[in-house]
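In structure tokens below, several structures.
Next come two complexes built around subunit A: one with subunit B, the other with subunit C.
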Partner chain A sequence: MKILYVFSAGPYSNARGQEGLDAMLMGANFDLEVAALFLHDGVFQLKSGQDANGSELKEFTKTYMALSDFGINDIYVHDQSLVARGLDQDKLMINTKMLDGKAISDLIKQHDRVFVF
Partner chain B sequence: MTTTLFTLSKSWLESSWLFEQLGFAAAGDSILLLQDAVLALQSPISLASFVAKCDANSISVYALAEDCQLRGVENQYDSIKLASYNDFVNLVGQHSKQVAW
Partner chain C sequence: MKFNILVTAGLYDSQAAYCALQFCNAALDAGHEISQVFFYQAGVTIANQLSAPWQDEFNATDSWADFSIRTGVPLLVCVSAGERRGVINADQQAELDKPGHNMHPNFSVAGLGALHDGSIESDRTVTFK
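Let's look at the complex of A and B:
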């Protein structure tokens, strides 16, 4: 079973990133083939330089840096979403594969289930 | 060929990026507009390019009739078919998976 987890919201103002991350790690623990796709404001989940010091919030996004330890190596980012937000691969905390809209259509086709967070 | 049913539930003003990308649907897929996504049907302009691109790419577009009726929304698009809840169930059955945007 191949599952695609889609992250479409930025971190901290809501729990969608944390929930998506929890669900994805759970999937990986159950030996499902897991991939992550970051698009729209979701690309900010991976922005390096996040600093929760002095706030009440937990910097849960550090967990993204451990994804490969959980066997999650297929990490995709929508190229247009990244560019539109002044970002590029160098500003992300982990290595990702860039996809255009057509490639994302194909990616969705290749997965049995798609969960949007 | 496996096909996907994409449901869009947010207003096009909030999720214009997703409408521009056709919800990442491809030929043979269907898009069903639900909840606030049906609000766009009232203006003949708001979805014009979306509908044209879907037609050109062989993507079927539906809107949930009950959500339109509830909001008093009048469909201005010939190529957007109104779907009942029964049609919704059939659409789910006709596609191999669903993506809920």
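Let's look at the complex of A and C:
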């Protein structure tokens, strides 16, 4: 079974990313094919150079760099969401696969279950 | 069709809990099944039985409890998301040494594994956020 986790909010301003990540790591414990999609402000989750020192917030986004250790290697980013926020692949902390809107529509169709965070 | 329902938006500030309940009722009326309703992220606040909206307003906590009593659909509250937001039952109160507990008795505590179990055994997961 293929399961897709969609991250649509940025880190820190709310808990959607952190708790979406918790859910995805739990999914990786199941016998499932797990994939992640980052779109809209969700692309900020993967921005490199984050530094939560000085705030009292937990820098949970470090865990994204260990996703392959959890067997999560299919990581997708919406290209237009990146461009609209002045970002590109070089500014992300991990390698991702860029998708346009049509490809994202296909990606969702290819998955049996979709969780949106 | 069998639906697994995920509610991630909180009490009162969002319409999500109301929409999810309308969806569940409509699905059951149309002959579909609901495996469970899983409350995650801010959605855990819907299990807070201390909420007291005005009488002419939608009472999400009581409405969901009535739904569960009437239909037998389990209402599951994520343990970690609930503890982070202060929605706990008597067992958690004792374990965490807290001065009170507030989870409505028709809601029960579950882990994120239950969210996935419910999703795998259902045909669709529908998220209200």
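Rule of thumb we're sticking to: the second predicted complex is superposed on the first by the 117 of 117 C-alpha atoms of A that agree within 3 Å, B and C clash if a C-alpha of one lies under 4 Å from a C-alpha of the other, contacts with A are read in each partner's own complex, and residues count from 1 in each chain.
The definition used in the following text is that a residue touches a chain if its C-beta (ideal position, glycine included) is under 8 Å from a C-beta of that chain, and two chains touch if they have at least 3 such contacts.
Predicted model only: the values in this text are computed from it and were never measured.
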Touching A:108, do we find subunit B (first), subunit C (second), both, or neither?
first
Contacts of A:40 with subunit B and subunit C, given as first, second, both or neither: first
*For A:52, decide between first (touching subunit B), second (touching subunit C), both and neither.*
neither
So in the superposed three-chain picture, is A:3 touching just subunit B, just subunit C, both, or none of them (first/second/both/neither)? second
Touch check for A:94: first (subunit B), second (subunit C), both, or neither?
neither
Subunit A residues where the subunit B and subunit C footprints coincide 113-114, 116
As the complex stands, subunit B meets subunit A at residues 2, 4, 17-18, 21, 24-26, 97, 99-101
As the complex stands, subunit A meets subunit C at residues 1, 3, 15-16, 19, 22-23, 26-27, 29-30, 32, 113-117
Note: in the complex, subunit A contacts subunit B through residues 40, 81, 101, 104-106, 108-109, 112-114, 116
Within their complex, subunit C touches subunit A through residues 6, 8, 40-42, 80-81, 84, 111-113, 115-116, 119-120, 124-125, 127, 129
